[in-house]
Amino acid sequence: MDRKRTWFEKDISGCSLTGFINENGERVSGEAIIQSIALMNERSNGLGGGFAAYGIYPEMKDLYALHLMYDDLQAKEETERILNELLFVELKEEIPTRKTQGIHRPPLLWRYFVKVDENRLFEPGVSEEDYIVEIVMKINTSSKGAFVFSSGKNMGAFKAVGFPDDVGRFYRLEEYQGYTWIAHGRFPTNTPGWWGGAHPFTLLDFAVVHNGEISSYGINKRYLEMFGYQCTLMTDTEVMAYLFDLLLRKHRLPIEIACMALAAPTWQEIDHYDGKMELAKALRIVYGSALVNGPFAILLGHKRGLIGFNDRIKLRPLVAARKDHTLYIASEEAGIREICPSPEKVWSPKAGEPITGWLKEEQQREFESSRIRISDRERSEQVYSVPSVC
Amino acid sequence: MKIVIIGNSVAAVGAIEAVRSVDRSTPITVISDEPHPVYSRPLISYLLAGELKPDQIFYRPKNFYEKNNLRPLLGRSVTKVHFEERTVQLENGKKIPYDHLLIATGGKPFIPKIEGLDTPGVYTFTKLEDAKKISSVLKDVQKAVVIGGGLIGLKAAEALRKRKIEVTVVELADHILSLTLDETASSILEKALKKEGVHLITSNTVEAILGDGRVESVRLADGKLLKTQLVVVAIGVVPNVDPFKETALHIEKGVLVNERMETNIPDVYAAGDVTQAYDKILKSYRTIPVWPNAYVQGKIAGYQMTGNKKYQYEGSFMMNSIEVAHVPTISIGLTNPLPNDGYQIIRKLDRSSNVYRKVILKEDVIVGAIFTGHIDRVGIITGLLRDGVKVKGFRKELMSEQFGFISFPKNLRKEKLLDLK
Amino acid sequence: MCVRQCAFEGHSYDPENDEVNSKEEVCVGCHRCVTLCPTNALTVRQNPLDFRAHGNWTGWAIRNIFKQAETGGVLLTGMGNDRTYPIYWDHLLLNASQVTNPSIDPLREPMELRTYLGRKPDKLDVQYNGKNFQLKEPLPRQLKLETPVVFSAMSYGAISYNTCESLARAAHALGTYYNTGEGGLHSNLYKYGKNTIVQVASGRFGVHKEYLDTAAAIEIKIGQGAKPGIGGHLPGEKVVEDISKTRMIPKGTDALSPAPQHDIYSIEDLRMLIYALKEATRYTKPISVKIAAVHNAAAIASGMVRAGADIVALDGFRGGTGAAPTVIRDNVGIPIEFALAAVDQRLRDEGIRHQASILVAGGFRNSADIFKAIALGADAVYIGTAALIAMGCHVCQKCYTGKCNWGIATQDPYLEKRLNPDIATERLINLIHAWSHEIKEMLGGMGINAIESLRGNRLALRGIGLTDTELDILGVLPAGR
Amino acid sequence: MKRIFVKEEVCIGCRLCEIHCLVEHSKSKNIFKAFKEENPRALSRIHVEEKGTLSFSLQCRHCEEPHCLEACMSGALYRDEKTGAILHNKEQCVGCWMCLMVCPYGTIQRDLNGKKVASKCDLCMGRETPVCVMKCPNEALEYREI
């Protein structure tokens, strides 16, 4: 696992992605998402596939579910020592897999359901989530041979080197039930075949799958580093996850607003609605270094919903569709019709304009940790009533 | 409406060009006792001197009359004008009606009382005919006498000299060009003329022209006899008002006109040497027989006749440019003021190079100037005089060879250079 | 013609032989005569006469000793460092898109250079008013630049009035700014206040309430790249009527700018001045602090930001000047490339990079230099010499003599007229338009359509012919990696 | 009607206008021949006035009410129908200097080389822009509608 070859800065890849959310919170098995992504295998080259699913650990919804991959037992022992030291591990188990054609030399795959001991939040101002992030960063940067690839509550990421459908079968995803599923098939042009390099990239409950290249990677990375993030995964998709974590979780920006920062409207538009777009202007002034430039289409899964959006001039494909209470977003319309033959509505989102699906509030509470912070609640209401600003 | 113009020289042309600049159609009749298309009288001396091809004498192109849609009656003299019935009568009795009449009859030579004036070989020198006649007899002329040391006299003398004739100029005053120059300037010219071989006799005059059947000599006031085969009488011109004697037309020295070139009779205008008009320097009505003045007066009359009252005559002043014996001289306005009357005079003289500059001021306004030898840019002085500009700020500069707009105060310079008129 | 044009009396007419002679020893090589000669009869060449070749005792070294032996004085010079130190811009290469991400055609797609200078908050606070979102509180005042190029500080006095006017008019037309330097602001130029950065320097010349209020921003000048640690000196003969009015000093007296600001002996003093100025202008104007690029620029810069500077202006040792001791200009300070890289990185390490914008100056020659500076981390670039050259300067380095044949660095009314502000303004506008367009092309080539995605994006750069240490300081990878 | 205006603020007194005017009105229109070979040497119709640091060039203003044209007794001066410029016919001129006498700008000169005729600016007839304007290195002369 040569990710520590630090000169290696960024991954360039073209990909397929697909995802859906049932806004009523009705959970479905992983079968559908595998079908959908499999149809777009042409867009990947067998060097990586992955999934994220929400609502899969209802009985453990109060606990952070850490998915880890280890090169060897030694790495496992060292890492578990750290985990036990810093967290309370309620349950530890191997992630169930099956031998599958096309999935070679898997690392050791384990998951841990953990919670944070209040007393450990030594510093004031450091939230429980910050604490988890800190630990994830620590393991991913410093401990050799170990890698955390999922760290949210009641959700999980599953990824590997191989074609996405093989990856899905390898992880036996048909056995999981989730209300939101996202998937990714990878076509890297120069990443070593490393499992950690596959999408989705996650932090806490944020999971990102991404098709594209971020030409602004260099500055996005340095910007994130100012806030203590360390980009170590040899791929620019990672910065997407961190940017969302920064804007949504740390800076408490509503999702539309965060998207507006990442794929900002042009000055021409801003000047045109001058006054009305004071906020957009301020966003560009303050978050210029967070502007994600270059071609991309991404899906962002989070505990409350699903977001899909494009770069500011739409240089990568992204199609959306709706049927009943389900929102589908994928690289290709075919990928949607494969699992939803007759959608009510199919459309191609505008550049920089996020497509958002929201889990109904009561479900939110059902699926989430019972200990929702007030501010969190406010935000979720706020967010829920957002009209499209962009 | 019909316009009739008596006269066919610069004043007439000024009027015609003014009218035609706004009105192509109104019939204009031009009457002149001379048979030629409009020519420049001052040029006859150049013609006589042989410096001009015959057709260069003409002031306007051949097609002037057609182009301006005129009705020329040339070689027809006007005997009388019936102002009451608005007609002009020709020598053949024919009457020509007018609505507007312009009197532009110009000047005629002033002939003093001298015995023997009728002797063959005695000529005046104002018209083309005069030059032609003189030219035609020159082959048997060795000596000539010119009576009068004014502009015409000197130009005539110089012309004859150029035709290898031995010329003597007889001037009554004690120096030549007495009306336009001062002693200093004329002395410079006299010196130059003598170098050219022109004899000058001043403070003297011709009493009699002697000869039997043809001029043989003249007798001067001091009794001295001069042999000569040719006498040119060039004492000056007076307004030619003959056709208007015994009419209601108000005449003193010349036809009196106001700032609109109107005479005392309605719709009758006068312009040019025939007029007696306002002199803005002497602040009096007098005859100013100079070319630019004639054109301007004609132009104003012309505009008036078309009903354009915009142009008015703000008065003129004497000005002359003469070059004799390679010494150019320009004189403007009042050149010989009476010592008192609060005039200031600035002068600069360099005899070796014949350069003489003289400016006469009254209350810091230029009222006259004489420039000899170096005359370039004198026009600026003329302009200042014309506009009555106070030169207090830069009066000492007036004498400088480099004098120009650079010498003006900034605002005056800007005003003069930027508003183009 | 040539005789009349040369203020250094390099040509003389000999009426006897009706010929023009020239004196090579006074020729400064400004090309004025060459340019105006109607018959193209003139050219200017280095006088081939040289000393015996010697690695150490070059003609330059020897002639300087001669001069000083004669005069016993300090060697003076104008313009920026002309020694052959490495120019790191020329060792940095740019990236472009191929296949995996499309390059963008600036002629067809929006390509944005707009830049805002000033302090930015750590984060935006947004509130929902039931209809849509809005800012909780307005941003601190920013300077809006339509293109990331600003005309750097050149004082009225060092340069002629016409030159100042041209800079002001061009800045206005271009939607950017010019800097008054320490010369005060001529009353005729107040109308360009919205595009003016006024300087408050050690001499405090021309500083008064109206001056501060008129400006868009205020710059405290601590140091200048061409002469770090050295004050300024405008000789009395240059202090003519208008200048004395504008600078508020008696006519004909030397204008001496002390080396230090005598009310700033420490960082906390700087803080006091910054806040004094902010108070005086009711917090309506960004405050910039300009320092020369010196060895510990990074630490100083971080102090400046913490002291309240909204803009950190760095002036590298190739920066120009009207007059400086040669020995200082040629030996003090460091290249702007290093200073910029170090400061930008330091502010990021301390997590305060967003609290101030970085304006860099010091010998920027073309759009590529500017582009690379922005990729290294600059928000915008100050150009001085380049602007003067656009107006006609031929870099003869004789600014300090006041005899500028091009009417730029002079107060001589005869020479001053040679710079027609209409022409100079147009030429400045042309230059910046051309550079802006080139910058857009380079951005487009990288598949980037907004300048903020280049700012600090050092991955856009690769080093060539640099040591590991240099690469490390610049924070760029070597070409090929 | 287009006319030439001077901006004395930016006239640098280089006299290039005089040089190029002379060349334009020379036989060869070649600067070397015009100055070194042609005899009589052509005359510049533009004149730079200079005093101290102030300078500006001046040529015929082509007045609307031209005194020179009124004063010209040979008919050599005339107005060009198209441009309204006041032009001068050398053949017709006799050198009586009446025009010099009345021109308030002093922009008509005696051409003493060869035949004595007044010489004045002709706005470089047949050229889009007069050479003095075109060649002014500092745009101190502009050619524009009044």
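By letter and in written order, the chains are A, B, C and D; residue numbering begins at 1 in each of them.
Just so we're on the same page, contacts are C-beta pairs under 8 Å (C-beta built on N, C-alpha and C of every residue); 3 or more make two chains touch, one makes a residue touch a chain.
From a predicted model like this one, the values you see are computed outputs, not experimental measurements.
With centres taken as mean C-alpha coordinates, the chain found closest to the middle of all protein C-alpha atoms is C. Separating the CA-averaged centres of chain A and chain B is a span of 106 Å.
Averaging C-alpha coordinates per chain places the centre of chain A 81 Å away from that of chain D. Look at where the CA atoms of chain B average out and do the same for chain C: the two points lie 71 Å apart.
Chain B and chain D have Cα centroids lying 28 Å from one another.
Contact of a single residue of chain C with at least two other chains is seen at no position.
Looking at chain B, no residue sits in touch with two or more other chains.
Across the assembly, chain A contributes no residue in contact with two or more other chains.
Taken as a graph of touching chains, this assembly is arranged as a line, each chain contacting the next along an open chain of partners.
Applying the touch definition to all chain combinations yields A-C, B-D, C-D. Looking at the complex, you find that chain D touches chain C at residues 7, 9-16, 19-20, 31-32, 52-53, 135, 137-140. Across the interface of their complex, chain B is touched by residues 3, 5-6, 8, 47, 49-51, 54-56, 58, 61-65, 67, 70-71, 73-75, 91-92, 94-106, 108-110, 146 of chain D. On chain B, the positions that touch chain D within their shared complex are 10, 14, 40, 42-43, 46, 51-52, 56, 58-60, 291-292, 295-296, 299, 319, 321, 323, 328, 330, 332, 375-380, 382-384, 386-387, 402, 404-407, 413, 416-418, 420-421. On chain C, the positions that touch chain D within their shared complex are 1, 4-5, 35-36, 38-39, 407, 412-414, 417-418, 420-423.
Residue ranges of chain C in contact with chain A, taken from their complex: 97, 100-102, 104, 109-110, 112, 114, 116, 120-121, 123-124, 126, 128, 131-135, 139, 142, 348, 351, 353-354, 446-450, 452-460, 477, 481.
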